[in-house]
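Take a look at the structures listed below.
Both of the next two complexes hold chain A, though its partner changes from chain B to chain C.
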Partner chain A sequence: MTEKYKNLQLFLPVYIIFLLIYVVASFIEPTFFTWNNNVNLFTRITPLVLIGIAQTFVILTGGIDLSVGSVIGLANVIAVSLPFVGTPGNVILWFLVPTLIGLAVGLINGFIITRGGFPPLIVTLAMGVVWQGVSLFILSEPGGKVARGVSLYVTGKLFNFLPVPLLIIILAIVVFQLVLRRTAFGRSVYAIGGNETIASESGIPCNRTKIWVYGLSGFLAGLVGLYLSAWMSSGDPLIGDPYVLNSIAIAVIGGTSLAGGTGGVLGILGGAYIWQLLNNILNLMAVSMFYQYIAKGLIIIIALAATASAGGIRIGAIFRKFGIKGVK
Partner chain B sequence: MPEKSSSLLLEMRGIVKTFDGTCAVKGVDFSCFRGEIHGLVGENGAGKSTLMKIIAGIHSPDSGKIFINGKECKFAGYSQARKAGVGVVYQELSLLPELTVGENIVLGVWPRGAGGLISWSKIRTIMKTVLEGIGVEIDPDILVSSLPVAIRQKVEIGKVLAQEPELFIFDEPTAPLSRDEVAVLFKILHDLKKRGKGIIFISHRIDEVLLISDRITVMKDGQVVVTDSISEFNYQKLISSMIGRTMSEIFPAKRGVNPNVKVLLTFDGILRQFGKRIAFSVREGEVTGIGGLQGQGQIELCKSFFGIGECDRLKLLINNSPVSNKNPIQAMRHGIAYIPENRNEEGVFLILSVLENLAANTINRHSRMGFIKLKEERSVVQNMIERLSIQISSVHQAAQSLSGGNMQKLVIGKWLIFNPRVIVLVEPTKGVDIATKQQIYILIRQLADNGVAVIVNTSDMLELIGMCDRVMVMNRGTITACLEGEKITEGKIMEASVSREDILETGVVI
Partner chain C sequence: MTLEKTSSIKGNRWGFVSRNRVTFFLFLLVIILFLIGEIVSRGFLGYQHIGDILRAASFLGIVAIGQTLVLLTAGIDLSVGPLITMGNVFICMLLNGLDVNNFWAFAVLILLGLVFGALSGLGVAYLRISPLVMTLAVGSLVTGITLIYSKGAPNGFASPMLREIGVGYFLNSIPIIVVIWIVLSTVTIVLLNFSVYGRKLIHVGANANAANLSGINVRLVKTIAYAVSGATAVLAGVFMAGYTQTAFLGIGNQYIMWSITAVVIGGTSLMGGKGGYAGTIAGAIILILVGSILTLLHMPEAGRRIAEGLIILIMITIYFRKRGRN
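Now for the complex of A and B:
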């Protein structure tokens, strides 16, 4: 494949694997291919797509954000605990407060990482525990409520046809693809992941860019927390926990290298679908929760082996990584 | 001259080695006698290092034979070559900094004691004899990372001595050393020679090779140009056989120093590592070379222009007005460009594309409201690719798939797009072929002709002499000579490199 289609080479395998799983699932379960089931799937993968994008930006700079789960929880409990949640008139505040808090929390992460020169892994892990504590302080057990009507933002349909989650997914991927490829900010993200020393010696504002990348991650995590509050119509301080692993898995399956500098958001939708469908299938097959964890962990390792060699996912790379030769 | 009685220690016949289609060594015959110091010279990329790596078993030759003591040898790695009596003192020190001197010296030859455990008492005896043999007193329990470079060099030699080889290969051992330290090293070499060892001595410093060698082999483009005894060589003959042509064929014509031209830049500061003041000025359109032995503060000085060097009380004037350059972004605002030495680590984004590399430091210039004007950016990049004749298949190609010369062009190209007023280059031609070198020399001269102040730090003596209008020699963190015009000679540069006198405020116009 020529260099021009490098992006395609990077992301196409994700969608081929997704289509395969999708087709197989449709044959096994006839109701799978219905419009209703698909709308249901959109609703489920929207938070995965958003948090996958957040993690992708961070990973592209060569970092990682382990606090996304806690920030989702924080935004979630704030969304259901605001004093005005009962009144429909304050929808804008209901929207702004949790997302802006998410943004602020992310900026703090970025600030500590860049100013202190600390490893992102530790900083976000530690800050995640801090925000977990704050969430539990605000709401110690699942509960709370959202304003009547806001759940429409998740279950509603635009013009009685287009499901809102699908709209969110399309908008998010288009916007963030543009940000990555067409803006100075996006170019800086790749440059920092490519080599931070060279980036800084090329006049790229590395620290500022990184602070905003963690800010963006926090903002999107806040958005996910909000989405979950509207979807569930209640809050749960621990609701974000699975999203740490989910976000990393989706970013990696979506073709982004954990070393930073290569990848992007185009593979995210496929990554989120694969992750969600695997969950569904494991559930449908009534696989015990314990085995599900084992399976998920192994899937991430396999995805890592496939993306570890730069230049996109290569199935053969999995076998080569583990010393099995002869597979292309 | 090798004694008549001395026997042939190493003989190589018809050695050929090819890497990815390029022939690095083309049918080379080479030999070394016992009790001989054999100088091996040639430009970067002439094949010296490849040939030495073949002796050391790191590369195996495609064809040709190697005889040691008349016995044919085929090595499948350094450990086998080491057992056959080959010891290599590397140019880039191969010591592990976080181990002690003693641990480094016995690394890989761990003497065993009772029960197969490592015997520290044996290690101490070995170390004592080895370190005494090279006339150094170092505490074997000290960490290598805490030693100065010259001492580390001795530890490196000690490490090789501990293996008791018959044949020594010294790959540019004098590069980090001062003149006194070189004298000590030469004494060690003479001792080894007296003990009947064979020594292959690789160096870029012509005068040192002429001083110590018994025979000299000159390599060029993977072939031996000439092997002859020392009495057949003089300075000029050695140079011309090394480069295969005269200087004026390689370097574009100099412009020379014109005192009437406006001073563009004045530097005044103290390098933290050395604590000595450096002050000088550069005129518009002048190519100023910075020379001297390695590690005399040249790189810190160059980095200081860009706000990444350790320099105190720095006063930088451009067009007589003070500028602040605390970080690269500020320095770039004043039109300063810095091209670092190490392409892979400091110059090129290996995993990013050619386009992303070339456009990296002008992103903001080619964007409006944060959005990049792709067409404009693309055409600027395309022009630069044509101007530098960078060999690529697509602008989306990853930089890591390019050759060394093309990577160097990427680094230079991105700064040409930036259009600087002051450009600082560190080793701009390191590891590139002669054709690319010539292109780079022409580019540098073009930049100067367009009024840019060019500052080049290079360890290549020929570049200093052939390319620079002015040469400043650095020694122990300060400038010891500032040579112009006819005064730029190897003799004068070397003299200043090892001189103990400092000259302050060379050519400063304040």
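Now for the complex of A and C:
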């Protein structure tokens, strides 16, 4: 089986499900299939795509990052607490400080995990609590503000036509797909997730790669915090909390196996859309917020049951697990 | 069976000594923290206050029973938070302040805890879903059900008997909830160390493959551990209702992190198979003590969180160092 065919098998089901949901939604609600609603969707999906990519990189190495939520919150409160006047220098500062702090936090995570040989789960969980505490010190309750210009620019349209969020999504997926498939770093990520001992023995710098993977995750989480600050025009230290579950769910629905080594960022867009569309449709159908918790829980369980043994959604896998054969 | 016997004898000789050393150290830390508390604020060592600390620790300790079992199987249970909230909200709504409903409300809720715990267990053991995500998903389900049942605004309040459990004193000296915790702890420790299931649990956590080959039903052992965790979480939520009198939708959130922290402080390895409940008891008391001392020092919530995170990092560093030397 060639790699291209494997990729197709991995990511095609996600997009088929996405298209199905999209078409059904368009029939249920006429306003759904309008440019405005789609632009609105791009805005909502951008943070999900970015954080999904971050979590995918970490999961591909066989780890997990539970601190993404806190890093988003940290970057968010820093972004709204910076003195901001609106000069170009200030915009650069506003952009660089939160993302670089995110990067630093991620690198610290990676350093502790690789140096100590500790499980990523507990390290990122503990560091997440620490950084959440720091965010609460900076901003104890929702508030703060960003300059209106920046806010309009980030969620606005380029040349009055191209939505900036769409640009961010496309750029992120293209760049990180190239990083994963065309660079030594990307190949190392897959190799480590496949079998770390073998990767190490074939000369791949496992620890250095893993530190940078956690650094990348922190950087992207910082970017999401920044995006949310511009979108909401205010800060909230706990804004990132739902993104821990969201990021893992999107990575898994997008075809990445939690065991590491298989998957990629191509499925992320589909995963993020499925996750967000379900919210949208349930809202449009006037289903109570309360039922959405149940829907999300069930979707994760089903997606995981299908992908636990191999990447990608394969309904047949569920049946096989219960001993029913013949379903592909 | 011979395999299990020999390894358990060997495990007892060395495991018993080293395990007790860690536990002794932890209880020494408890005493030191009590003394520090007395230095920070006079009256910390008062009879009443020690009772309050132990009462707070007992709620956490009861949740941590299940979390200890699950971590011993090399899993993790993040659904304890929603399950605590569920127990807390449901008991108030079912009892509505009346004693007549006590028995069946208790029975129904324990059963619910067992069912949702077992659901996580089935996903982890039979579908081989990562415990982290499976319990997160089940937690999401439980949150949804709690919100739907309470319509987002829980009403009702605890019955007189439940209130007595939450705030009353046994023989006018020890809080009743602490007595319950002592009884549950004794049962847990005896079961973990001397029952067939306890030995199987440790073996499954240490090496699931080897356990499977030696004839242990690994899947069943794991499922039972998660089911117990569900039940203890709901039970803790029920007892908390006795203390707070009314239901609160956010009551369980903190306990996800706290229960894991208590178990990790107690020396149970996240890789499974190592540790026990005695350390967790000390871990729960230490966590509550640190929080109490920080509150006395006028540390805001933010500082307490930072302290919690750092405690975990320090403890895993100590435990991993120790294992590395051996």
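Methods note: the second predicted complex is superposed on the first by the 312 of 328 C-alpha atoms of A that agree within 3 Å, B and C clash if a C-alpha of one lies under 4 Å from a C-alpha of the other, contacts with A are read in each partner's own complex, and residues count from 1 in each chain.
In the analysis below, a contact is a pair of C-beta atoms (placed from the backbone, for glycine too) under 8 Å apart; a residue touches a chain by one contact, two chains touch by 3 or more.
Note that the coordinates shown come from a computational prediction; the quantities given were computed from them, not determined experimentally.
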{"item": "Touched partner set for A:188, first chain B, second chain C, both or neither", "value": "first"}
{"item": "Partner chain(s) touched by A:201 [first = chain B, second = chain C, both, neither]", "value": "first"}
{"item": "First (chain B), second (chain C), both or neither touched by A:140", "value": "second"}
{"item": "Touched partner set for A:117, first chain B, second chain C, both or neither", "value": "second"}
{"item": "Chain B versus chain C as contact partner of A:34, first or second or both or neither", "value": "neither"}
{"item": "If touched residues of chain A are counted for chain B and for chain C, the larger one", "value": "C"}
{"item": "Partner chain(s) touched by A:283 [first = chain B, second = chain C, both, neither]", "value": "neither"}
{"item": "Set of chain A residues, in rising order, touched by both chain B and chain C", "value": "none"}
{"item": "Chain B contact footprint on chain A (complex, rising order)", "value": "2-4, 6, 182-185, 187-188, 190-191, 194-195, 197-205, 261-262, 310-311"}
{"item": "Residue numbers on chain C that touch chain A, as the complex places them", "value": "76, 123, 126-130, 132-134, 136-141, 143-145, 147-148, 152, 257, 260, 264, 270-271, 300-310, 312-313, 316-317, 320"}
{"item": "Chain C-touching residues of chain A, taken from the complex the two chains share", "value": "64, 112, 116-119, 121-123, 125-137, 140, 245, 248-249, 252, 258, 288-298, 300-301, 304-305, 308-309, 318, 321"}
{"item": "Residue numbers on chain B that touch chain A, as the complex places them", "value": "306, 308, 327-329, 332, 338, 340, 345-353, 356, 359-361, 363-364, 367, 370-372, 374, 393-394, 396-398, 414"}
